[in-house]
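Below you'll find the structures, each written out as structure tokens.
Next come two complexes built around chain A: one with chain B, the other with chain C.
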Partner chain A sequence: MRLRQPSVWAPIALVVVLAMFPAAFPDELNYLGLGFLTFIFVTLAVAWNMVGGYAGQVSFGYAAFFGTAAYVTAILWSRYEWEPVLTLPLAGLAAVAVSLIVGLPCFRLLGPYFSIATIGVGEAARVLALNLDQLTGGASGLNLPLSVPSKPWFYWSGLALAVVAVSVSAWMRASRVGLGLFALRMDQDAAESVGVNSTVYKNIAHSSSAFLVGIAAGLYVVYFSYGHPNQVFGFDLSIGMVLMGVIGGVGTLWGPVLGAAIYYPIRQLLLSQSNLVAFNLLVYGGLLIAIILFEPGGLLGLIRRVARR
Partner chain B sequence: MTSPLLRIDRVTRRFGGLVAVHEVSLDVSPGEIVGLVGPNGAGKTTLFRCVVGALRPTAGAVIFDGRRIDGRSQHALVRLGVCHTHQIPAPFADLSVRDNVRVGASFGRMASTARATVSSVLAQTGLDQLAETPARNLSIGSLKLLEVGRALATGPRLLCLDEVGGGLTPVELERMLTLVREIRDAGVTVLYIEHNMRAIRAICDRVVVLDFGEKIAEGTPDEVANDQRVIEAYLGEPAAR
Partner chain C sequence: MYEPSAIAGLVVTAVLTAGLYALMSYGLALVYGVMKIINLAHAGTMMLSAFVVLTLNRAFHLDPVPGAVVSAAVFFVLGMALYRLAVRRVIDAPPIASLLLLFGVWLCAQNAAYLIWGSEDQSIVTPYTFSTVDIGDIKIAVSRLIPFGVSLVALGTLTWFLRATDLGKAIRAVSQNALSARLVGVRSERVATIAFGLGSALSAFAGGLLTLLFSFNPDFGGTFQLKSFAIIVLGGLESLPGVALGALVLAVVESFSILIPGWRGSLINLLAFSILVAALVLLPGGIASLLDRRGKTE
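Then we have the complex of A and B:
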């Protein structure tokens, strides 16, 4: 692997084109909504990849951050009448707090043991949220105010958040933090033996990534004006973050972006057609098997291999 | 005699009922190359691991530059200036040789001058030709050099080497010993575990011999090589007459 500076002009051009879409097609509300949610999922995938990819710690518990942050925004907005946007930093910080509570014990475990522990954390958070119905609305969910910003506003906010996430990820790769994460992923003992405090660096990656996930969750719950534990703490959300990374290419900068851009629209398509809903999991399962068998580097790995020919 | 840089004070390490190291004491003065030898299973590696922070001694103390260091984590010891290499090379396989050295330089005591450290270490180890090669493609000789280079990049005051001469051709071994001598001449103290007696005799100022977890001899390489107990430990007792 070579750690080189990626070129910046192609991504900037892409962002400019994407940013012009609402101005060019202000009435395509469905596509604006799809765009917003895709940007949210790009953010989630890119954030997850800092821990699952760079640090090699595959977590299945990110819904715990997403759900906590979503409810922080939901409650401050609906009960205390905060401006939704002002709740976002707090949502991010709440996710950071959860990430430290989860990370400090779980990062003592290595490899699959860490992954299994995070499954437990995610599910425990969901069950807890379902039972704290005074706070979360429990199984009937929490209805939120209906006065929300316009679709283009969400679209642009989502795009801006995704750009921030990719920038943080690019910075991390090129920085000392990224170097430490790559080292501990490849050989934790060797990394410790040359001075990398693996616990500290894992937690740095975990909390940076949780902050981004928390802001994404806040925007998400405002967009839907509704929060339900099974939705914002859902296990499929955690699995989705892993899948997006694997589809696009774990540990790369652009892999998770590509993965999310493919995963989320396909998921929406499958879920919106009643005769396709049943195939939802089949498609992901098949995709996952195909990637692990034929191209563990994900789509980005495949593209690179083809480009080299 | 100057005060020792490293003092191992009656260190014992047990694994369940097995006493791997029993009350071994040993001093290393600044600027020395001290060899740690002994037959297989003598406890060399266990003692070494107690010094570098990979194992906690069951009893006794390890004192570095006046401070107790036993029980401290490896990354904390690197910051104090104690770094070690791995007997079986443990490179960051997907990173280039340069980035491997960069990890040592960025997280050791030399972090503020990491860039300059990387190029000087690459030049000193002769790995500059291979700087952009992924570590997974290196030969065993280059991997051993990378182990030393990566540790050296952390800016150690005490460098602990674990069989860096093992598996090398005579030419590679000569090059490695020259490198170790250069490192010492630049002011780094060296604790060196080695099986290869030729390497030990070539560069060590002093040798400590372990057998069954106990120190059985200590002295210059020549003194130790002629010590009756050492000869018995390696070759067995003389046949009964």
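Then we have the complex of A and C:
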């Protein structure tokens, strides 16, 4: 690693600046909360991109991982009085277990069939969670203990998690796994013929990304002290992950980070303003249509095209 | 515990539901057949059409059946416009582009419905909503019988159109082999435009008929879309008999699910999802061969 390269020092500088924010403004609780949730969504977008971008398998079912992990943390914390932080690795592992249950059969499908199957998986998980009310609180949700850590703690944990997610993603891109995934995305048959085992590679990417999503989900549910199947298993979470990737630039390292950093604050703005909330879906739908038609590379693709001129 | 008449009642319900399911799924199968894309805007079309039928019903006291015909005509035009303006550009892109594009259209449709009609649940009550017909010991709801009959007529007309008319033959030719169809002079672009319009019209027609049975809001359509996917995947994606068979399988499984001990009505949508995933995974040969064919024609 050479520190002089902008691709190395710029992210480090960014993280240092971001990390100093709570120390400089400890009373800006709203912004600290917004920062935390943005970091959570950065983690989700980066994790989703490992499968949706690197492997080219667009999944609409990530809420199944998020919801399962969120409930693992919620139940261990509220019923068995675990420290919330100690539940996080288990939440991640639970998400990995779900990712294998989903991935082992569904990765036999290609392209759009995989995507359609994941819509089914995500919705099935939500319906199941709503009906297992002994475990999940069903339609009334699960109230969790109110004694949560401070806002700066969440902010720093979220930032740390996002840094880990981006690092894993960067490592994956450069590794044998990433190269294998790129090859699979181009032409699965050709890649397999030169020895890339598509099932193994796709499941490695899927499980790594599920683990990150699971930890993010655990932190998320602790932050809100409340879990509801329609929230943590919600289809809009899955859609959000697709949108963040597509907006920023699918398959790139920084695209999902950019996409999440734009998507989440805008989403909060749209949802908090009563005169804007009515246009919520129109904004996302319109963006999706415009990006697919005019700039399939997302914002990063647009920036590169402008820079080349 | 299970009397013969109760079982017979379940069978009748299943068959009646299957008719509507087949109609609802055939639009998807038609679009898939001709241009090998999956129309994720299907749910949005069904939902918007339900609201169009509602508006016609409120304004002119128009019954949902003629209302659905009007709505189908409207969405035939809208579907062709959507194809010309947007879908056409992503036909040759990787399949995920059309999926995301049409998903964006679905989101916009939902938002339009929120803005125009609000988010409340709506339903249409007709003079026959609560009436039943008795055949032997079995009571059949008229509101199920009518969509079934109308669906059969529509599917019959469609079969005749695809078999007997030049345009219908051209549509079938393109879905069998697009390149060969072009070689013998079929204007595939025009055929695709009409097929997309026709697919949208079928979705809209089905959405209009669904108002006889279900209440709806702007989120309506998502579960029916997944059911349609399950049906066309079961049926092999393109053929009308296949779609009818898939519809029957799903409807029978759904009807008979109430016999499972400890079953809850709210779990019913789980069935379509499970069938969808199981069919996709367990019938990989059929799907893979379809993909292969696509690869060869390009």
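Note that in this section the second predicted complex is superposed on the first by the 303 of 309 C-alpha atoms of A that agree within 3 Å, B and C clash if a C-alpha of one lies under 4 Å from a C-alpha of the other, contacts with A are read in each partner's own complex, and residues count from 1 in each chain.
What we mean here is this: contacts are C-beta pairs under 8 Å (C-beta built on N, C-alpha and C of every residue); 3 or more make two chains touch, one makes a residue touch a chain.
This one's a predicted model, so the numbers in the text were calculated from it and none came from an experiment.
Look at A:195: by the touch rule set out above, it reaches chain B but stays clear of chain C. When the shared chain is aligned, chain B comes close enough to touch A:187, but chain C does not. Once the two complexes are overlaid on the shared chain, A:273 sits clear of chain B and of chain C alike.
Looking at the shared chain after the overlay, A:143 reaches neither chain B nor chain C. Annotation for chain A, partner touching more residues between chain B and chain C: C. In the superposed model, A:179 makes contact with chain B only, not with chain C. Contacts of A:110 after superposition on the shared chain: chain C is touched, whereas chain B is not. When the two complexes are laid over each other on chain A, chain A has no residue in contact with both chain B and chain C. Listed in rising order, the residues of chain A touching chain B in the complex are 1-3, 176, 179-180, 182-183, 186-187, 189-198. For chain B in complex with chain A, the touching residues are 52, 54, 73-76, 78-79, 83-84, 86, 90-96, 99, 102-104, 106-108, 111, 132, 134, 150-151, 153-154.
On the chain A side of its complex with chain C, the touching residues are 56, 58, 105-106, 108-113, 115-117, 119-121, 123-124, 127-128, 130-131, 235, 239, 242, 246, 278-282, 284-289, 292-293, 296. Interface of chain C with chain A (complex): residues 37-38, 86, 89-90, 93-97, 99-101, 103-112, 114-115, 222-223, 226, 229-230, 233, 264, 266-267, 269-270, 272-274, 276-277, 280-281, 284, 287-288, 291.
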